[in-house]
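Common to both upcoming complexes is subunit A, partnered first by subunit B, then by subunit C.
And then the complex of A and B:
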C-alpha cells in the first residue's frame, strides 16, 4: 500500500501539469464546441446549440477544402521527408571525410523556430527580392510568384516543411539504422540478395517501427501546421494554403467564432487519431497477424 | 560440393596486418576447423572465404575457381553466424526459404526444400514461428536449416555454438557432425573451443596472431604438437609446462627443472645443458607408489576421474587420474610420469625437439 502511495505522490506533479495544460483545456474545447459563442458578436453569451456546429461544418465548403489541402500537404511533405530522411541517414552511415560536420549542419533547421522559418522563406520567395524567384528566372526563365500562383504557393509550403523537418526524420532513422545488427545484412548478401532486395526484405522491415513512429510524429505535426505557413503565405493566394490549422486560427482569433472553431478542432483531432490508427493497423498490426500455413 | 584453397592470404586494415600469408588446403567434403584464441584471425579468414571481407593479398579459390573478386552471393556458400542472424520479421519457413525466394524459385519448390530441411533438423512444428518465439537451440537449428536449404558447395560456421549452454552445445556438436556425415558437404568451421575442434573436425587449423601454427588431424595434433602454443591449446586440461634443461645421468638423459626437480625423459633429440620446456599432459601422469613425491595443493573430483593440482618440489603440476583419492591438501602423493609421452620443446623457438 505504502509503495503505491509513494508512486502516486511521485506521479502527482506530472498528472497535475497534464490536467491543467492538457485534459482541462481539451474538455473545455469539447464543451465550447457544443455552444454558439462569439464574445464580440451580437449575442456575446455562450448559447448551447447541440450538434449545430458539427452539422454546419459538414456542409462548410471552406472547411472541407482546407481539410483536403491539409491532407495533400501532409502527404507530400511527410512522404518526401521520410524518403529523403532515409537517404540522408544511409549517407551518414557511410564513413566519409567531413561526415560529422555535415551531420551537424544538416540538423540546424531543427533548432530554428517555425515563425522564423516562415519569415526566412518569405524573404527568399518574395518576387523581385527573394533569391529563389531570382534564380528560377535566371536559370529556367520561370516566374515564381507565390502570392499569385496557387500551385507554386502549395509547393513552396511543402518544400519549406521538408527543409525544416527532414533532419528530424534523418536523425530518428539514423538512430534506428545504427542500432541494427549487421549479421542479417551479411546473411542477406550471402543469401544472394541485391541492394534493392536487401533494402526491401531486410532493412525496411527491421526499421519499420522507427519509420512508423517518425511518420506518426510528422503527420500529427503536419496536420496542425500554422505558424510557418501563416508567415509565408498567410493562407493564400485565395485559400490555396489555408491549411486546417490556419483555418481554425482564422475562425477563432480574427473572427472570434469560438464555438465553431472548437468544433472544427475536435473534428481535426478525431481525424488525426483515425489516420494514425489506420496507419498503425496497416503497418504494425499486419506484421503480427499470424500467417496461415 | 567443392574444396577450398587459401593461398598466401593476407589481410590488412590500413597499416595493421592481421593475417600474415596463410595457406590452407581444404579437400572436397572435408570438415575443417579453424581454431585459436580471440583475435587470432580465424573469423576474419572465414569472412574472407565468405566474401564479407576483402582479401588484401593472396587468393582464395572455391571449387578450383579463384573468388577474390566474386560477390558473396555468387560464391555458392552458406554461412551460419554466432548470433544466428535470423531475419526477425520473417517466420522460420520464410527465413529458411529466403535465398530461394530471392532467386525466384517457384513457391512449390521452396516449400518442398524448406520442409525437407525442417525434417532433417526436426523443425517442422516450428515453421510458422518467429525467431523471437524460439529458444537459442531452436534458432541455431533454423540458422543451420537455412544453410541446408541452399544446398551450397561449402558451409561456413562462425562460432555457431558459442551462445548455447554447455549441455546444448554437446548435443549440437553431435548434430552438426551427423549433418556432415549425411550431407557430405565441405565445412569450414571457426571456434575458439578446442574441444569442439577435437570432437568434430577431420582437420584442425590452429591459428595464432594471424599465422597458422599447425595443421593436422585432431589426434595428430594431440600426439605431436609442433610447438608449445599448439601443445598448450589442444587438450584439456592443458599440458603441464616446466622450464629447465636436459642433463646426462647414468648414461641416459634426464630433465632438471629450473627449480631443481628431476623428471624422466626418453629419446630426446637435444644435447645436455640445452634450455628446454618440458611438456606432459595431465592424463599421462599416474599414481604410483614408486613415483616422484609430490605435494597436493587442490583436488577436483568429478566422479569419473580426479584432477590433482600438486607440486613436485617447487614446480606446479596438474594430473588427471581415474582413481578416487583420499588425500588432503598438503599431503604427499607419488606420481609417475610416462617418459614416452613427454614432449620436449626448445625454450628459444618453442618448437618441438
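And then the complex of A and C:
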C-alpha cells in the first residue's frame, strides 16, 4: 500500500497537468458542441441545441470534402515518410564519409516552426519568383502554379509535410534499428536468408512497435495539420487543400461559430482515435492477442 | 536489500491489482473491459451519425439511442 501511495504521489503532477490542459478543455469542447454559440452573432448567448451541430455536420458537404482531402493527405504523407524514413535510417546505419554531417543537415527541418516551413515553401513555389516552378519549367516545360491547379497544390502540401517530418521518422527508426541485437541477423544469415527475407522476417517484426508508434504520432499530426498549409495555400485553390484543421480554424476564428466548430473538433478527435485503434488492432492486437477460444 | 525486495513485492501486488481479465468473446480479438467499453462508444457514435445522415427522416433518433445502447451493452458483456 505504501508503494501505491508513493506511486500516486509521483504521478500526481502529471495527472494534474493532464487534467488541466487535456481533460478539462476536452470536456468543455464536448459541452460547447451541444450548444449554438456565436458570441459575435445576433444572439451571443450559449443556447443548448441537442445534437443539431452533429446533424448539421453529417450533411455539410464542405466538411465531408475536407475530411476526405485530409484522409488522402494523411495517407500519402505518412506512408511516404515511413518508407523514406526507413530507407534513410538504413543508410545512416552504414559507415560512410560525411555521415555525421549529412545526419545533422537532414535533421534541421525538424527545428523549423511549421509556419516558417509554410512561408519558405510558398516562396519556393510562387510562380515567377519561386525556384521550383522555374526549374520545373526549365527542365520539363511544366508550368507549376499551386494557386490555380488543385492537384499541384495537394501534391506540394504532401511534399512539404514529407520534407518537414521525415527526419522524425528517420530518427525514431534509426534508434530502433541501432537497439536491435545482432544475433537474430547472424542466425538468419547462417540459415541462408537473403536480404529481403531478413528484412521481412527479422527486421520488420522487431521494429514493428517503433514503426507503429511513429505512424501513430505522424497520423495524428497529419490529421490536424493547419499552419503549414494555411501559410502555403490558404486552403486553396478553391477548397482543394482545405484540410479539416483549416476548416475548423475558419469556422471558429473568422466565423466565430464556436458550437459547430467544437462539434467538428470532437468528430475529428473521434476519427483520429478510430483510425489509430484500427491500425493498432490490424498490426498488433490481432497478431499478438488472438488466442484460440 | 530488504527495501528492494519490498518494492518488488509491492510492484507485483500492484500489477496483479491493475491487470484486468482478458477474454475472447464474439469480437475477433482478446479484450478487457476497457477495450469493450471503448469499442461500444466508437460504435455508439458511428451509429448515431449514420442514423442522422440516412435514417432520421424516417425513423426517430430515439430508436437509434436504444439500439446503440443495447449494442454497447452486448459488446461489454459478450464481446
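Operating definition for what follows: the second predicted complex is superposed on the first by the 276 of 293 C-alpha atoms of A that agree within 3 Å, B and C clash if a C-alpha of one lies under 4 Å from a C-alpha of the other, contacts with A are read in each partner's own complex, and residues count from 1 in each chain.
Note that a contact is a pair of C-beta atoms (placed from the backbone, for glycine too) under 8 Å apart; a residue touches a chain by one contact, two chains touch by 3 or more.
What you are looking at is a predicted structure, and each value in this text was computed from that prediction instead of being measured.
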Which superposed partner A:193 touches (first subunit B, second subunit C, both, neither): first
Which of subunit B and subunit C A:277 touches, first, second, both or neither: second
Touched partner set for A:59, first subunit B, second subunit C, both or neither: second
First (subunit B), second (subunit C), both or neither touched by A:45: neither
First, second, both or neither for A:179, with subunit B first and subunit C second: neither
Overlap of the subunit B and subunit C footprints on subunit A, listed as residue numbers: 290-291, 293
In the complex, subunit B residues that touch subunit A: 50-52, 71-75, 77-79, 81, 83-91, 93, 98-99, 102-103, 127-128, 146, 150
Residues of subunit C that touch subunit A when the two form their complex: 6-7, 10-11, 13-14, 22, 24, 28-30, 38, 42, 45-46, 48-49, 52-53, 56, 61
Contact set on subunit A toward subunit B in their complex: 181, 183-184, 186-194, 197, 201-202, 205-206, 208, 287, 290-291, 293
Of subunit A, residues touching subunit C in the complex: 2-4, 7, 51, 54-55, 58-59, 267, 270, 273-274, 277, 281, 285-286, 289-291, 293
